[in-house]
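Order of writing sets the labels: A, B, C and D. Residues in every chain begin at 1.
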Amino acid sequence: MSKNSELQTPNSKLQTDWEPKIVAFLCNWCSYAGADLAGISRIQYPPNVRIIRIPCSGRVHPLFIMRSLQNGADGVLVSGCHPGDCHYISGNYIARRRFAILKNLLEYVGIEPERVQFSWVSASEGEKFAKVVEDVVEQVKALGPAKRLVKRKADPH
Amino acid sequence: MGRENDQKVGAVLVVGGGIGGIQASLDLAESGFKVYLVDMSTSIGGVMAQLDKTFPTNDCSMCILSPKLVECGRHLNIEVKTYTQVKDIQGNAGDFRVNLVRKPRYINPQKCTGCGQCAKYCPVGASDTFNENLSERAAIYIGYPQAVPLAYAIDRDKCIGCGLCSNICLVDAVQYSQEEQEEVIDVGAVILAPGFEEFDAHLKGEYGYGRYPNVVTSIEFERILSASGPYRGRVLRPSDGDIPQKIAFIQCVGSRDETCGNNYCSSVCCMYAIKEAVVAKEHVREIQPSIFFMDLRAYGKDFDKYYQRAKEEWVRFVRGRVSSVEEMPQTQNLKIKYEMDDSKLMEEEFNLVVLSVGFEPSPGIQTLAQKLGIELNEYGFCKTYQFSPVETTRPGVFVCGAFQGPKDIPETVMQASGAASCVADLLSSVRGSLTRERIFPPEIDVRGQSPRIGVFVCHCGINIGGVVNVPEVAEYVRTLSNVVYAEHNLYTCSQDTQLRIKELIKEHNLNRIVVASCSPRTHEPLFQETIREAGLNRYLFEMANIRDQCSWVHMHEPEKATQKSKELVRMAVAKACLLQPLKRLELPVTRRGLVIGGGLSGMTAASSLAEQGFEVYLVERERELGGNLKKIHYTLNGMDVQGYLKGIIERVRANPLINVYTNARIKEVAGYVGNFKTTIIADGAERELEHGVVIVATGGREYQPEEYLYGKDAKVITQRELEEKIAHGDNAVLNSNTIVMIQCVGSRENERPYCSRICCTETVKNALKIKEKNPKANIFILYREVRTYGFREDYYRKAREVGIIFIRFDEDKKPKVAKGKKALEVLVREPILGEEILLRPDLLVLSVGIVPQPDNKKLAKMLKVPLNEDGFYLEAQMKLRPVDFATEGIFLCGLAHSPKLMDESISQAYAAASRASTILAKDKMEIEGMIATVNEFRCTGCGMCISVCAYNALELDEEKKVARVNEALCKGCGACSATCRCGAIDVLGVSNEQILSLVDAL
Amino acid sequence: MSEKVIQKNKMVDFLNELLKAYKVFAPVKRDHIVSFDAIQSSGEMLLNYLNSRIPPKEIFFPRSEKMFEYIRDDLIEVKEVLPSEERKVLFGIRPCDAKAILLLDKVFDSPDYQDPYYLRKRKETIFVGMGCDRPQSTCFCTSLGGAPFSEEGLDLLFTNIGDRFVVKGITEEGETLLEKYEQVFERAKKSDLDDKLNVEKEAVNRIKSKIALEKIEKRLDKMFEDSFWDRIYQKCLGCAVCTYLCPTCHCFDITDETMDTSGERFRAWDSCQFALFTLQASGHNPRMSGKERVRQRIMHKFNYFVKNYGEIACVGCGRCIKNCPVNFDIRQILLELVS
Amino acid sequence: MQKREKLLKEEVKKLLDKKQVDMVIGYEKGTLALRTTPCFLASVDDVDRLVWNEFCENNLAKYLPGRKEKVAIVAKGCDVRSIVGLIQERQITREQIFIVGIPCEGIIDRRKIESRLGEKEILEATCENGKILLRGEDFQEILKKGDFLYDSCKVCKYRNPIVFDLLIGDRVPELEKIDEYAEVRKFEAESPDERWLHFQKEISKCIRCYACRSACPLCYCEQCFVDQSQPRWIGITDNPSDVGVFHLFRVFHVAGRCVDCGACSRACPMNIDHRWLLKKMEKDVKELFGYEAGLSVEEVPPLATFKEEDPQDFIK
């Protein structure tokens, strides 16, 4: 296997019908509520995101993120309460350190920064949630399908 | 009904569904009372639901409020009655009969699923009151997206009766024929929590509100800032939708203003203006906010820090009174004329003007109160007394929140809990008489069974079905392994589907249920209850959100939405395979309380608990009860403090349920909520106390000044010493010619950056007292900011009227005090004249601040609770949990929390008692099933989990060298699990394996 | 059996010829590490090497391999995944490693069990040995019945005698190769054969480590509970370097990777030195500490294996000694055990 | 060196003699050139086996977790920082150990020497006055010590133990003007593609023997995540994705804890460049949270705590 096949040149091998798959870990109290609000407000955003509800961004084990990439997610989004808003007082602060390190680490080994993203979305930020998803999808689309760290490709969309 | 006269009713009416009413309801319902929560509008939530952020933490208002809304809406013992008003209340304390009137909402709230299709098709627009009329909604509406109850209403003034909504509603919830309904309920007590109305800014014609589109009120601006507001969180001005670069906030609009009759200070406007200015700037960096103010009243906990930060980084503060606002015809910008501190007149142009409007009681509640025989004060707020801040003049009717006086959210929440405690004192004999408990059949043991999953895919009318091919999703689901049964329903949440689910569980021996419909945040408890009724453990349930997060947000991509729905259900099924029944453990509760500190707060909390029938240990470090109160003699409005103190000490001493330990200290605290064991040493003897809750009421101390020659010259004394002298009729003091008082001694400085809150009031109090006894005395008060918030403003005004002279100084230009030849010499720079003035007082009085108890650190460590930077105890959440610690079962009140006035301490003490009684009211406490669990084979006892746990729910088993979860304290957030390198901690119900299964089923 | 000579400069030709007909595995050096790898051209092969760091066992028993795929519906449908059979030459294997392959054969090709994954790769492989003219200080093959120029398990044996190799055909397959590529070989002269003998003798002399292992099996029978293990295990870190680099260790773990309804079964090297090697679902681990693990390694090689297959499962290659992170030396243990 | 070794023996003898400790963990002569091997001494008579030289490469802190007895441990600067980590993480108490601190001027990298010599076997090695003397069957070679130190030693900032109960000999001068993150910065400047290729190249060598983990003084889990089956965090095969995740995760686990003792790199039989990732973690932790591992027993490891003002530019 030539290693170079894993190197990506954006847009080169883009099939026209390819749609990225994004996994989003959302904390129950803010970001998941924000995503609900986007729904209630009927704010449209791309259908590429698969939301996993977790109690707190502090619950997100780094391996959840890596496993998502292994399973062929083209992008991963983790979203929690804004600093100070955490339903569990400080879970998001603990998570923030963890994510800072993880993100740098993944980037350092060559995972494109846009593949793994983080946001704070509050329960009243339906629009922000939609915008975040839109941005992530757009940026991941520009990158093309994930190849690095991928073990198996997720079901075709 | 033929009740006997002395029979009390174990139910409570709470009037007003804002945060105060919600808190009071939750406390009461949790401590064994049936609650009727009545609100005039179509949903509960009040003003707090409208706020964008809250100061001083900039917490998202909705994020912290909405869990309380949901809890309230779902509580078995809270009956929420919206769109309902109180018509009359008859009877006496303990036994009232209440007449309620429910307005027709033209929608059957039991049927309405809140799906919102009707509003989508309603052809009539109406202005959206939730957004302060800055945007439009339909004539059929809900208050706001997170509204509780989530049921629509029809605005009949706007409705044209076209029938479209009725046709579109698939559950037949629309009922045009509804009429006003009267209802009678019996309650033992009433809590009034009607909140406030904003001052009508039209009345200040000089500011142009109503005439100029770019003059908005602060609450309107709050909506403008909100992400769910009229401009979706973009900071725009109404006239043209431009970003307003320069924003002026005008303070005290309708407050501290004799011209409109509102002499009082509204207490919160300074802070909310800073918050709005900061948030606006956070949104758009280019925005330059200016706040025009008289005194910046940042008197609350951590407020001054917030103010300082805003001043340094974000906001321009202008001390000056705005006289007029004029619109510039071309730009619709606004020209502001204002007078500076030094009387200089200025003009400046702004793009947007925000009027910081004050609080007023609503005319409706004033009328009702008068009808009910409840006295109001001169401004129409509910009249209360210093020592009974939550009692109205009618026994059995209590009050909390802004109706009692303008106040912020935490004070409201404290009063709400405080009022609940007073109600519980009154009704403790009938606690639990009207509350219900749900009875379920025994649980089916599914352990060892392979998963048999039933899946219900919801059309939600056309909400999901109109976009997603629901039958196709159900068809797909049937192909997934372990799925035994799948079907699709018009409304999975409807009553008949609930019955069907129960039958199908039996018919197919289903042992896991997946519902693909809307948000688990709103509907999970409903379905969990249903499967529980069918004998399944409530945790054998999983939801896929294919509406809020699929059909509604991909309305134009039906195929992709269908595909996504399939995948979401597939993921839910994968997780469902791994679901395990979880137990909600029940822990016994030692129904006794420990109150640490025998001052005003501690005694108040202890007697409230005792009144409710709970045994209390009251531990005081000194020989005598009373604390700081021993040094205070009279209140601002002249009430006798020592008399009151004597009374409460007698009450405490006489109450057989209160065990008082004086000359005592805490040696060790072990255990946790419901089951504490505390060792104290009282009078040299060690004693072990068992109790279920702890209330920390350790108070604070007066700052010991070193500045201004204190201790070096007998003529320099503190306010407390002055009060002592006045009380003892010290003639030397009373006959002084010239008295100078210096404010903020030891407060608002580098070392103690916080405001001590009480000093301004104390100073005015003593100054007035001297003036009263010796009208010839010349009194100079050197201040930085006079913070006589609320009705205390009246006394400040009075002080000026009687000739007390207030001279302001800046932090960096403090007065200089020296020993002159004959007298003391005080040199201060007068800002209006811009000159230095030399005063030669006979007496120099220092208004010293409050400092935390020096041994707070020690006790905090024993209790494992945090202190803030200033050394005061830090509550779980500044806004909504002001008396709770993050660690369950430990509560907080009085000066230990932060400096505060007597009535505030009393409210907070009652609040602590109320929060404590929610635990003590039951002999067992149920523990959430989704909590952390330790695999001892894997754990290395490294302690990282202990360090990340915000609830002290983890501890080290010293013998086994492994972490141990305290199930009573764990909240299941999972920070520990994600931190654990060894994979030794997991969270039941959201386990690592379960989450990975979701990721694997991607 | 015939002996030929090949000039070193002809080796290139010989390998190139082989590459036309066979897949050739030969020692190569990457990042300072010698290992056996399939080569594409003769130039890749390393002629001057001590021994590979990873033993050639991985060619037949790779670190991990897929066993089958399955789809689980109502029934489980299994699709076997077998390695392809291909004609291979394993060029340059040392005699100790060749002997190790014979030991692995006992495990994977016993009367009770024939392992298809191993055998399909093992079959059709020609072993071209490279006599060990420079045994290292850690070598002790002679204590285990081997020798630097042992012919056991080989089809051809090369002996380095300066500018050329003496090549000896050992099996029929070896002879066939010599015939097939006769153009690169020359007839061996007497002096060549003398040189060869000298090289062999010298090599044997260089092996200083000698341990009398004849009675070790019996000795170990009585040692299971001995305090000896308490004393020696302490510095062992519990990594798998010794076992993974051992040419005879052959433990593996089986794992399923399931994705909803379909899955794959893999096996991968495992090591008795891992703390979790024997972990049971209950959380109980019968070989808990380093002591039990070290004992298992010794017992298995020098006692259990002997009982099961009649031979010691060690060939004295010294890899475990050279590569141990803490210089844990099996020779010292053996010496103590037999003394 | 010899002076220090002599001093070490004297002091350790005293410790055992006075029964101040039950056991001493130190180094003794190994069976290979360029090596020493850990030893566990309980008797005064054994003390003469102790050695101290430039080949004492193992981090003996590895042997501390789970000890019941009172032990003395011979510890270099880096080893001491590992010990501090172990105390922070409650794997051992400060009271239980007697730290025989030993100033260190760098340990010799045997791999560097071996690759310099190619396929020649070194039978004997000594080091004196900054020169390494090597002898084989048919060769002799003298190399400059400075050129053959471990990479971690070249950027060591704590050559003198920061915590000890006894320091053997005088302090050695600390290195000046070292640029410990030069390599990391070099990589950071490379393109993602280049970094990915480097990562792939490194992990392709991995045989999953877990020597890196086993040698790490801070990898003391009862059951390593990679071995767990409920859940199965990572596949056990040599699938590059799983191998990659193993390495990323191992590195993540020591983020803010790794003291760059180099034990993992030394243990790795496949010469994988572990420090490439570890040093990056170290740099990030330092830059983002202002934390350096193993300096204070009181501090909480950085991923188990937070500051409100922690950087969050990366969060939308």
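Note that contacts are C-beta pairs under 8 Å (C-beta built on N, C-alpha and C of every residue); 3 or more make two chains touch, one makes a residue touch a chain.
Values in this document were obtained by computation on a predicted structure and should not be read as measured data.
**Student:** Taking each chain's centre as the average of its Cα atoms, which is closest to the average over all protein Cα atoms shown?
**Tutor:** Answer by centroid distance: A.
**Student:** Counting C-beta pairs in contact, which chain pair has more, A-B or B-D?
**Tutor:** Pair with the higher count of C-beta contacts: A-B.
**Student:** Where the CA atoms of chain A average out and where those of chain B average out, how many Å apart are those spots?
**Tutor:** Chain centroid spacing, chain A to chain B, equals 33 Å.
**Student:** Once you find the CA centre of chain B and the CA centre of chain D, what distance in Å lies between them?
**Tutor:** Distance between chain centres: 52 Å.
**Student:** How many angstrom lie between the CA centroids of chain A and chain D, rounded to a whole number?
**Tutor:** Comparing mean C-alpha positions, chain D is 36 Å from chain A.
**Student:** With chain centres taken as the means of their Cα atoms, state the distance from chain A to chain C in Å.
**Tutor:** Chain centroid spacing, chain A to chain C, equals 46 Å.
**Student:** Enumerate the residues of chain A that touch no fewer than two other chains.
**Tutor:** 62-63, 67, 84, 90, 94, 98
**Student:** If I count partner chains per residue in chain D, which residues reach a count of at least 2?
**Tutor:** 222-225, 228, 233, 235, 239, 303-305
**Student:** Where in chain B do residues touch two or more of the other chains?
**Tutor:** Within chain B, the residues that touch at least two other chains are 937, 948, 979, 992, 996, 1000.
**Student:** How do the chains pair up in terms of touching? List each pair.
**Tutor:** Result for touching pairs of chains: A-B, A-D, B-C, B-D, C-D.
**Student:** Which chain B residues qualify as touching chain D in the complex?
**Tutor:** 937-944, 947-948, 956, 961, 979, 981-984, 991-993, 996
**Student:** Taking the complex as given, what residues does chain B use to touch chain A?
**Tutor:** Against chain A, the touching part of chain B is residues 52, 57-64, 66-67, 116, 120, 145-146, 226-228, 232-233, 519-522, 545, 547-550, 552-557, 560-561, 563-564, 567-568, 571, 876-877, 886, 930, 948, 950-951, 971-975, 977-979, 987, 990, 992, 995-996, 998-1000, 1002.
**Student:** Write out the stretch or stretches of chain D touching chain C in their complex.
**Tutor:** Touching chain C: residues 30-32, 35-40, 58, 62-63, 111, 114-115, 119, 121, 123, 137, 205, 207-211, 213-215, 222-224, 227-228, 232, 235-239, 263, 266-267, 269-271 of chain D.
**Student:** If you look only at chain A, which of its residues touch chain D in the complex?
**Tutor:** So the residues of chain A touching chain D come out as 3, 6-8, 62-63, 66-67, 70, 83-84, 90, 93-94, 96-112, 117-120, 132, 135, 148-151.
**Student:** Applying the document's contact rule, which stretches of chain C touch chain D when the two form their complex?
**Tutor:** Per the touch definition, chain C meets chain D at residues 31-33, 48-50, 53-54, 62-64, 134, 136-138, 206, 234-235, 237-241, 243-245, 253, 255, 257, 266, 268-269, 271, 274-276, 279, 321-323, 325-329, 331-332.
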